[in-house]
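What follows is a set of structures to go through.
In what comes next, chain A is part of two complexes: it sits with chain B in the first one and with chain C in the second one.
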Partner chain A sequence: MQVFKAMMKVTRRWLPSALVYIIVFVVISIFASSSSTKENKFEVTKLDICVFDRDDTPESHALIELIGKNNNLKHLEDDKDVIIDALYYGRVDYALIINEGYAEKLGNGETADLFGSYHIDESFSIVYINQFLEQYTSSVKAYLAMGKPLSEAVASAENVLTQESEVDMFRGNDEGNEHFSVAFSSYFLFMPYILISAVFVVICQVLVVMNRKDLRFRTNCSCIKNTSYSMQLCLGSVAFVMTVWLFLMVVGAFLNKEMYSGRAWLAVLNSFIFSLVVAAIAVLVSCFEPKQNVLNLITQVIGLGMCFLCGVFIPASMLGDNVIAISRFLPAYWYVKANSMIAETEPYSFDSVMQCYMIQLSFAAAMVVLALLVRRVKYSGAAISTSVKKIAANS
Partner chain B sequence: MFLHILKYELKNGLRNKDLIIWLILFPIVLGTFFKIAFGSIYEKHDKFSSIPVAIVEVKENPAFRQVIEGMESSEQPFLKASFVDKDKAEKLLENGDVEGIIFLEDKLRLTVKEKDIQETMLKFFIEQYSVRESIAMEAVKEAPEKAQEVIAVLTEETAASCREIPLTQGNPDVYIQYFYNLIAMVAMFGCITGMHITMQNQANLSPHGARNNCSPVPKSLNILACITGSIIMQTVCMVCCVTFLAFVLKVDFGDRLWLVYPSAILGGITGVSFGFFLGSVNRLSEKAKTAVLMSVTMFLLFCSGLMAGNMKGIISEKLPWFNNVNPAAVISDCFYCLNLYENYDRYLTKIATMCGISVIFIVLGFITSRRKKYASI
Partner chain C sequence: MTDTVVKINDLVKRYGDLIALDHFDLEIKQGEIFGLLGPNGSGKTTTINCLLSLLSFDKGRIEIFGREMTPVSYDIKKDIGIIMQNVAVFDELSVYENIDYFCGLYIKDKEKRRQYVDEAIKFVGLEDFTKFHPKKLSGGLLRRLNIACGIAHKPKLIILDEPTVAVDPQSRNRILEGIQDLNRNGATIIYTSHYMEEVEQICTRIAIMDKGKKAAEGTKDELKRMIKNTETITIEILDLPDKVRKQIASLDHIYDTGFENGKLTVYCSGGKHNLLRVLDVLQKNELSFGRVYTELPTLNDVFLEITGTALRDKED
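What follows is the complex of A and B.
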């Protein structure tokens, strides 16, 4: 096991880089899991609304109070730049101005130009609050038409608008499977990036070192058999990948606050298969013996690329259809698909999950075959003699 | 001698593969991923579009159907309704084709799958319907003689009570700031080029530095030529980056693209000066210097919103002064101001800040790198 031991020694040197990725991921996951709730009741989305009351009458105060019941009222300086910043960065969803003379106009049954709203685009929140204001003014107007005085009409409108209707959640469950909640599934969702980064940083670097020409030539002329050498390298790579995967699974169990059960095991198996895929890609990449700076770029391209394209960083539903069409050719797409099915954010079917597993495994197998081909071509007698000649010519 | 050193500095830079990889190739790759990922979110998710909803008529309700049909004929309808049976509706909801199902029973009942603003708006819609119903009922009960008038008020088309005051003509897509931060990242990565100036002039760090130290050229002249070379290379990288984003990825920087270029170049100069200062302030090895620079730069970029888009908004609420001194935030703010603000006041303040930061760093870098003598190495 000399080769295996040597490999472990080199691994130790690159371990800190992998640890940085893993530790950052675990810390972020701990924060993310502590903020998620298991409450499954419909709650209205509370918007952050800033009101500039230029009328300052009991009627305008009543409206502000009503808005504040279902939304968060925020205070902003009445400055254009400050408002643009707040609207753009989403600190405020709606900036409402109650125009001067609001109460008077409302009392006369006029509804035009009662309010103003600063806006930078036509978002859902703008349409929602505009509708709300229309509803409010038309209710007040209706009560006025009934012959009620303004103050009473405002109070009645408030009364009628605060009546809430019940909303049912579909199948009473949007939190995922009982053994694998949507909140917990996000831990598995982000795992591909970490697996790719951590595994590439170590395995590719180590394999590149082990395949360095001088080391390779020295090993080739030693008495160790080629198969044994390759097997030991494989064993070393698998041992590292499995250690990283196991560590992430143990952390996952702690975050889940209980041992995996039921369908969660399917997610565990899914991540296991994906780590095999990652290992296979790492082996393939290292066959090309990239330099360290090129390798870093390849790691980022593969890691970020797969995660952006396949719905890890951005939910697949938000990606364009042509992006999805391309991402079907990447293993992470099938990993994410299986993960969403297990968490029931997509309709679950055992056969489809199995299909995702099989596709990922086929990717792994294809990578291994490609890696073997590349190695065969690169380290064939002809290729070695050419490179020996080159070295001899240079020296 | 200045031109001689400058020439070799440029040649050196051109042969440096790290520079090409991290300052030209990596931004192109990351920019492409950003475009793929964030390109359609704003249109699909943030910008208002009719909310798809399935309606199941458990009981006939012609009045409701009329409301829906009336609404759908408007220019930008609130709902996109499809009347289907229960099974089909549930299937549509499960697949995410509709945001909710409205069941027309004695009362309207809403079933949703998620808890976003669209669902809140659907809830508001059915409440709106029942509010009108209960006001009409109240009118019939309390003032039957005025009931007709009340119903007319409730159903009439009135002038919009809310006048919209647009604050900007710029691109309101919030995800575009990832591209601003990408340019800021390239600019800040200029610190590595800046650091190489110190590497080449500090005798304990490289043979090149040792050679330069015993040459008869004044150190100030040597450093000045190196800084000029670094700035020229950084400028090329910044121009490549902005051109790629604006013309290949077609990122909308607003209508003042001609000002985006000089701002990005100035950002690059800030990055180089930052690296020059941090490189010369200590005598650490190249690896340690790179580690310190990259950690500081990544932290500044994180605060500016490269990893989480709303970070700058959060910081402007909690620590507003930090956004004004964080070079990464100042650089990305320049593009933000050019896009959204009509006047140039804030943009010019940002430019002045960048100039100030660059001058301070370069002067401090010069001060800290002078009089460093090595008796023996």
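What follows is the complex of A and C.
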């Protein structure tokens, strides 16, 4: 196991890069899981408003009550400096002054100079509250024009403005499966990017080193068999991938606050199979012996490309038919599909999940066959002959 | 048990129309330091690659330790050590880990391996650098590490492919002494180099390769005897009339003369007291001269005469 041990030692060099990806992912997942609630309710934004009533009439009181229904009323000392300080430090968003004679002017249908205000320029709260006041006074004015007395016009306007629109957040399925919630499935959903990044950054680099021409030359001269060498490299790659996968599974169990059970095991198996796919792709990429900067580029193209096209970062339901048609040729699509079915955001069928597994395994097998072909061509006698011939021709 | 370590019979290797090895024969005896000389394209590297079964060949047979060498002759490979021109070590492993890794490809027993690795480290003088990584080592120390990786498993046959390229004189001497020590400890050595003086210094037998063929083979003295030139006399002289030069050229055992930049060069082939006879001609013609020196033929002269060109000229 000399080659395996050396491979593990070489792995140490690139481990920090992989750890960065994994730690960032775990930290984000921890935050996401602690902030996620089962009720993703729509909530209207409320402003912190202080009102100075200098009219002190039933109409002005009615307006303050209405403002208080949709906003948080704050009390401040009626002092310009205090108000400006409060606005500056964000304790209030808007300071409204109901001018003296408000009720009288409103009764006469006048809308000018009813209010004064203190606010921070270009704040969205100005637009919001000004729009509200304009709507309110216009409504009162309209009811007055209809011949209603002021008290009734105020009540009617209040009635109109307190009507709320019903907002529903669109979700396919809020709960998910009993053992595999939608919230938990998102941890598995983002796993492909981390697996690709962490595995590529280590395995590809390590395999490139282990297959460096001068080192391979020395190894080929030794009494270690080629098959044994390749097997040990394969074992080393799988060991690393499985370590990363196992770590992510353990973290997943902690985030889930309980051990995997029921259908969650299907998701675990799904991620295991995808890890094998990633390992196979990494082996194939390493056969081309890319330089480090090229490898970083390949990692990002494969990682981000696959995740964007296959519904990891953007839900598959939002992707176009053409994109979906392309993504079917990528293993991440089948990973995401299986994950969605297990979480029941898509209709669940055990056979379909198995089909997704098989397709992913087929991808892995295809990658391994391709890698073997590339290696055969690269390290064949013909390739060596060509390079020797070039040297001879140049001399 | 035969004392022939390497036997190459009628080896032919073609790359399309290019014949890299043209019916090449070679026999290396146990305990020899065998020098393989030749410019790029002469077939030197191809010979080594065929010898190690890294390349297939079109015709011929290679035997090492009396057994036929094939890509799966692992029992033969375990007794071969290879030290290449390029330093082939892992940058990611320390000096000790590197030697241990390459030794471990041959030696499975941990205790034995530890002992061998320690001995190799001591042999190349890297005791103070065992925990260093290759990038922290100087060029000379790197070469020593490269050698330690190739010899740690105590091979009986060691192939050194230009191990002293770009090495400072001090490290070069140490490497050459090391090679001789390995030989004294019983290893047979195949040594390729562009530096003729190195080959001359350490090799017991030498083969000169050119265009895939063995141009000459023998000990350095045997090789030198193969060529016409036995002595080159150089005399610093201000002026040399053509008449005197003709007199010198007509002397016995002198086959060529040259006069350039105040230096008379006389090429001799055999004979005795050639210098005295040349100086006698100069004195009789009352010509004064400055420094006088004679040179015995070098391997470069041998190579020049056999291949028609100097080795280093070809390299350049």
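In this text, the second predicted complex is superposed on the first by the 251 of 395 C-alpha atoms of A that agree within 3 Å, B and C clash if a C-alpha of one lies under 4 Å from a C-alpha of the other, contacts with A are read in each partner's own complex, and residues count from 1 in each chain.
In this text, contacts are C-beta pairs under 8 Å (C-beta built on N, C-alpha and C of every residue); 3 or more make two chains touch, one makes a residue touch a chain.
The structure presented is a predicted model; accordingly, all values stated were derived computationally and were not measured.
Q: Go through the superposed model and pick first if A:S222 touches only chain B, second if only chain C, both, or neither.
A: A:S222 contacts chain C only, not chain B.
Q: Taking the superposition on A as described, I'd like to know which of chain B and chain C A:R12 touches: first, second, both or neither.
A: second
Q: What is the contact status of A:Y193 with respect to chain B (first) and chain C (second): first, second, both, or neither?
A: Touch partners of A:Y193: none, neither chain B nor chain C.
Q: Could you tell me if A:F25 is touching chain B, chain C, both of them or neither one (first, second, both, neither)?
A: So A:F25 meets neither chain B nor chain C here.
Q: After superposition on the shared chain, which partner residues are touched by A:Y118: those of chain B (first), chain C (second), both, or neither?
A: Touch partner of A:Y118: chain B, not chain C.
Q: Using the superposition described at the top, determine whether chain B or chain C touches more residues of chain A.
A: Here the partner covering more residues of chain A is B.
Q: According to the stated criteria, A:V209 is in contact with first (chain B), second (chain C), both, or neither; which is it?
A: It touches chain C, and chain B stays clear.
Q: Both chain B and chain C contact which residues of chain A?
A: none
Q: Would you pull the chain A residues touching chain C in the complex into a rising list?
A: Per the touch definition, chain A meets chain C at residues 2, 5-6, 9-10, 12-13, 209, 212, 214-215, 217-225, 381, 384-385, 388-389, 391-395.
Q: Mind pulling up the chain B residues that touch chain A in the complex?
A: Chain B residues touching chain A: 17-18, 21-22, 25-26, 29-30, 33-34, 36-41, 44-48, 78, 90, 93-96, 101, 107-121, 123-124, 126-128, 130-131, 134-135, 138-139, 142-143, 146, 149-150, 153-154, 158-168, 170, 172, 174, 310, 312-313, 316-317, 336, 340-341, 346.
Q: So in the complex, the part of chain C that touches chain A is made up of which residues?
A: Chain C reaches chain A through residues 15-16, 18, 20, 39-41, 45-46, 49, 52, 54-56, 72, 74-75, 77-78, 80, 82, 84, 86-93, 97, 101-102, 104-106, 149-150.
Q: Where on chain A does chain B make contact in their complex?
A: 42-45, 47, 80-81, 83-91, 96-97, 111-128, 130-135, 137-139, 141-143, 145-147, 160-161, 163-170, 174, 291, 293-294, 296-297, 300-301, 304-305, 308-309, 313-314, 317-320, 323, 347
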